[in-house]
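Below: the structure, in structure tokens.
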Amino acid sequence: MLQKSLPALAVVLAGCAAMTQGDYRDRAVQMMKADFNERGQAKLDRLDQDETQAQCSRKPADGALDKEVAAHIEKTNLDRVRYPADGKLLGDWRAGEKIAQSGVGKQFNDNPKAPAGGNCYACHELSPQELSYGTMGPSLRNFGKTRGTSEAVQKYVYAKIYNAEAFTACTNMPRFGYKGILTEEQIRDVTALLLDPQSPVNR
Amino acid sequence: MTKGFIGALAMLALGVGIARAQPDAGTLRGIEKYREALAEDNPAELWEARGAELWNARRGPKGASLAQCDLGKGPGVVKGAYAELPRYFADADRVMDLETRLVHCMVTLQGFSAAEVTRRPFGGPDHRSDFEALAAFVAAQSKGVKMNVSLDHPKERAAFLLGEQMFFYRGGPHDFACATCHGESNKRIRLQDLPNLTDAKDAQRAYTTWPGYRVSQGELRTMQWRLNDCFRQQRFPQLKFASDTSIALTMFLAHNANGGVFNAPAVKR
Amino acid sequence: MADPMRIRASMQGDKVLVRVLMSHEMETGQRKDESGKIVPAHFIQNVTVTHNGKTVLSAEWGPAVSKNPFLQFQFAGGKVGDKIQIIWTDNKGGTRTDEAVVN
Amino acid sequence: MEEVVHFDRRRREFLKTAGTTAAFGALAAANLAWPGTALAQGAWNAKAFSSKSLSDVVKAYGGAGAEPTNDVSWGSTPEIAENGAVVPISVTSRIPNTESISILIEKNPNALAARFQFPQGTDPTVSTRVKINQSSNVHALIKTANGKFYVATREVKVTIGGCGG
């Protein structure tokens, strides 16, 4: 793999003074596609971007996200939200807590048959018992206590977990339902973790 | 989906944004004490010692040592070399990071095949990595030296700009890019501070402390390993060892850390 | 992994402070490898430190001592130039002896 | 096969390092008979290291019980550990005639992690690093020259770290 020939790169780089940002982007994508090996469940198609991923691959120098692009991202992703057919949005908060704690799933060394976690604590504060929480996302402490459990709130929480891009274009939060990371039942359980009055999040 | 519902959603979304999680001061002080207690007597020294032996050992089909390996500051000059890597090497007509250069020297000086020496580049319970030992040894010879990575050569500049593109490239089932976790300041994942690798100060602090002894694994890990494992957690496929992508990203990170005083091998969680 | 120990022995006032890093897996016997098989326990059981031939510390360890173990202690009666010898033995018969001079 | 090779290598290195005196050769040979082998240089108390509780460890070392004490300082021992695989533990006993300090992790599968014996002239203070499976009480068990046992306890919390995968 180290003997990989680089004539294509050499040609491109020879004229690099004239290379534009777009050229670098294309060249970077080509380079990445040559430089990964598929392993386990992680095949090379994971390097292929969908429209949202491409629009959200932005450097600070690219400036603020265009309002129309942001609206487009949110609209297309909202259209992709699928609620459970039976209309039930709240599951078991205890199962939700386990999902929130678990960071496994979808990695090349993970068992593809085992359920994935949501890893919520990596980025969010939830139950007060868990001291080890991240701050990439907002605190979700007392989430249901302060917002209630109306159908609108339930639908929002379910949809936010299902496809966060529907509400915040280029968010750091994965699209757990749309991308098939969590199942319908798991999303219901995490929704319950946030909203159930008995959940430690609200106690 | 009614207009009213969307409006309610927007308000809820705003409400969520108000209460930012504050790090628990007592917990963080405790963690700080833990890190201090481990900072001295770093087991990385065991790797440095083995790396020094490997560097000087006559090995390979040519029975040569690495003592004549040119890490960029002339054959055999190790002191300060790591603080200037990656760099362009005319003899290979390629930008190389430390590990790629070590492969080059193992091939050209010692007569090993690249495939052979890179078959299992990372160590584990049943396997020791020569690269991890050599990287610990070489990196330690740059302690106290300021990071000074050049972009003067067109290929160095190209590597940096390609690395920048890769850093912000989202993909995989989780939509993660390097920047997802390392593009903002003052964030934590669980209790670990996340360096903002686009910010000079954070980039300096992060880059100058790799390689590091990873206590969770009991292994000395290098920048090549760090990138490999970040991509695993990004849910990407497996990054090839010493690939151009790995070098470009390392160039982006190393150059962002310029001016920082090198201080590795360090201890890492 | 019988790499040499890293031994530091230095005078701190009238005491000799000894700090040691050892290279050892300290396998617990409870970890599974990638194929799901239990990796057998493999750990240092005994450590003996001598100063000019006299034992100044002896230790019994179980597999709960961390991988690549660290040990620090201090004793009286030593001086610069004295010899410190450390021996460890593990549960599979592996052993290692290293020496250092007090500085 | 791998292990056999390793063993031979270690044994060779040992013999090389220690010199091929008869005494050391015999020691290396004796080690072959693990488990349960008492080594010439020091015994390894298999019963103590398979004990699940503080009281069983005390019994394994010939005591009836341990008296709580505050005459122990914990030095750089943290109250919270970022990773349970490596937790620095530092114990100093102020109890006169301290002969040994044992470190026990209450919630580990086997409680006893390590035991240190201090001959005359060695300070009853030791630092090491241990594995702690989950947040747990850590005991410092002190035995004095006249056979009495004392125990000091502190809690160490172990956190979940990193990206979680």
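In this document, chain identifiers A, B, C and D correspond to the written order of the chains, with residue numbering beginning at 1 in each.
Just so we're on the same page, a residue touches a chain if its C-beta (ideal position, glycine included) is under 8 Å from a C-beta of that chain, and two chains touch if they have at least 3 such contacts.
Small disclaimer: the values here were computed from a predicted structure and weren't measured.
A.B. asks: Higher C-beta contact count, C-D or A-B?
C.D. replies: Top pair by contacting C-beta pairs is A-B.
A.B. asks: Counting only Cα atoms for the centres, state how far chain C is from chain D in Å.
C.D. replies: That gives a centre separation of 12 Å.
A.B. asks: From the C-alpha centre of chain A to that of chain B, how far is it in Å?
C.D. replies: Chain centres of chain A and chain B, defined by C-alpha means, are spaced 24 Å apart.
A.B. asks: When the C-alpha atoms of chain B and chain C are each averaged to a single point, how far apart are the two points in Å?
C.D. replies: Here chain B and chain C have centroids separated by 31 Å.
A.B. asks: Just the number, please: Cα centre separation of chain A and chain C in whole Å.
C.D. replies: The mean C-alpha positions of chain A and chain C differ by 46 Å.
A.B. asks: Of all residues in chain A, which are in touch with two or more distinct other chains?
C.D. replies: If we look for residues of chain A contacting two or more partner chains, we find 107, 121-122, 131-132.
A.B. asks: I need the residues of chain D touching at least two other chains; which ones are they?
C.D. replies: Residues 80, 85-88, 90, 129, 157, 159-161, 163-165 of chain D each touch two or more of the other chains.
A.B. asks: Quick one: which residues in chain B touch 2 or more of the other chains?
C.D. replies: 27, 126, 181, 189-191, 215, 218, 232-233
A.B. asks: Output every touching chain pair, sorted by label.
C.D. replies: All chain pairs meeting the touch criterion are A-B, A-D, B-C, B-D, C-D.
A.B. asks: Could you list, by residue number, the parts of chain B that touch chain C in their complex?
C.D. replies: 41, 43, 45-46, 49-50, 125-126, 128, 215, 218
A.B. asks: Using the touch definition up top, name the residues of chain D that touch chain C in the complex.
C.D. replies: Chain D residues touching chain C: 3, 6-7, 9-11, 13-14, 17-18, 27-28, 31-32, 34-35, 39, 41-45, 48-49, 85-88, 90, 105, 108-110, 112-119, 121-123, 125-132.
A.B. asks: Which of the residues in chain B come into contact with chain A in the complex?
C.D. replies: 1, 5, 8-10, 12-13, 15-24, 27, 93-94, 100, 103, 114-115, 118, 154-155, 157-158, 161-162, 164-166, 168-177, 180-181, 183-184, 186-191, 194, 198, 231-233, 235-246, 248
A.B. asks: Under the definition above, what is the set of chain A residues touching chain B in their complex?
C.D. replies: These residues of chain A touch chain B: 1-4, 6, 9-10, 13, 16-17, 19, 24-25, 27-29, 31-32, 34-39, 42-44, 46-49, 52-54, 56-60, 78, 106-109, 121-125, 131-136, 138-141, 143, 146-147, 152-153, 155-156, 159-160, 165, 167-168, 172, 174-175, 179-181.
A.B. asks: Which of the residues in chain B come into contact with chain D in the complex?
C.D. replies: 27, 30-31, 33-38, 126, 181, 189-192, 215-218, 232-233, 269
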